[in-house]
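My structure is below; once you've seen it, I'll send some questions.
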């Protein structure tokens, strides 16, 4: 991970857990559970909205959603840190895979599930 | 978002969707669903492992997990982009809130749910 | 749980796990992970569909969805069994709570989140 | 679905939604989101517990968990109803598939992911 903003968050979160003696709870298994719980809090904001409504949130709702996204990022950084995985490199590799897997000429305007191709 | 690695991913993913004409599917509602689906693929890797096993993944498993983390980050960046939310700033604010919410002297070594305090 | 179809499934699933020596893996923690992973497979079927499309599935898709619902029910029954919780009674109590919490005259046609009332 | 306890719940829930004019929100897509959000509330109860602790809940915690299980069952019944799927039949078919897929002599005491076999 480069010494940029994501790396700064990683260090701050590692310190946050260390001084609270929380590393004992932060197994990848437990962190994966915490991450999906936060993902579900995001879902709750959108479950009764139409797609169109989800594109136009009120300032109050947008603020709440931004904290849910933050929580997801926080646990994502923690799991990656615990497993010594570089998130940015992993994402770059995955996007490369996706670019090969979904050639523009084949999938343009079509969002079927990958396994349906 | 600063012009660092996360911003570069944001731009690449926006381009990826645009050339495939996929923005029509990328409502925040739909992206939240895609994000939690990826979070669940992470869960699947850990659900039958002990916490200890989840800390010591084989190279093959670690590689697979790194791609799941990448997928989560990808959708997280996309939702933030669609809602014009700066992930890094949101995370910094949330960590500040957590630091106030969980003072070291009160929660050291204790991971009860926040609402149980 | 009454001696009806749900109870028959509970017994069959207990036997399924016992003969495979899988009870050692079936802690409530692990089963909750398996359950949410199955819930996410359901999500995957709907994430790129409009709400309207989700109401009118093709026979092939409906068949696939029926198996995802089955998987969720299976893990739900297993967790309840492991914790000695009667699902039917719990649901009846919860519906009673919901009936009190959401009086018709106050919520008719309005699906805001409970905590927004 | 037979005229047993599950069918009684289905009818009561259909009536609950109808009198509140909530069917407009209960597309399978939205209900799948609500279901996974409830599954995540279950996850939250277990995420910082050891597997052993998850097997031995306090009466207060067990009560809370029973309501989460109820919520999951409620949305499961609603989706099945909306898609005209018989949950019990689907589960019986799926268990039959699993019995064939995981022969006792091959998987006894081994819980690796299905796709790893």
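When the chains are written out, they are named A, B, C and D in that same order, and each has its own residue count from 1.
In this text, contacts are C-beta pairs under 8 Å (C-beta built on N, C-alpha and C of every residue); 3 or more make two chains touch, one makes a residue touch a chain.
Treat the numbers as computed from the prediction; the structure is a model and nothing was measured.
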*If you tally contacting C-beta pairs, which pair wins, A-B or B-C?*
A-B
*Can you give the rotation angle that fits subunit A onto its twin subunit D by Cα atoms, in degrees and rounded to the nearest 5?*
180
*Proportion of interface numbers common to subunit A and subunit C (over half same, under half different)*: same
*Taking each chain's centre as the mean of its CA atoms, how far is subunit B from subunit C in angstrom?*
25
*Where the CA atoms of subunit A average out and where those of subunit B average out, how many Å apart are those spots?*
2
_Using the touch definition from the top, which residues of subunit D touch two or more other chains?_
25, 30, 33, 36, 39-40, 43-46, 48, 50-51, 111
*Taking the complex as given, what residues does subunit B use to touch subunit A?*
1-2, 4-6, 9, 12-13, 16, 19-22, 24-25, 27-30, 32-33, 35-36, 39-40, 42-43, 45-46, 49-52, 54-55, 57, 62, 65-67, 69-74, 76, 79-80, 82-83, 85, 87-88, 90-95, 97-99, 102, 104, 107-109, 111
_Sites on subunit D touched by subunit B in the complex_ = 33, 36, 44-45, 48, 50-51, 111-113
*subunit A residues within the subunit D interface of the complex*: 25, 30, 33-34, 36-37, 39-41, 43-44, 46-48
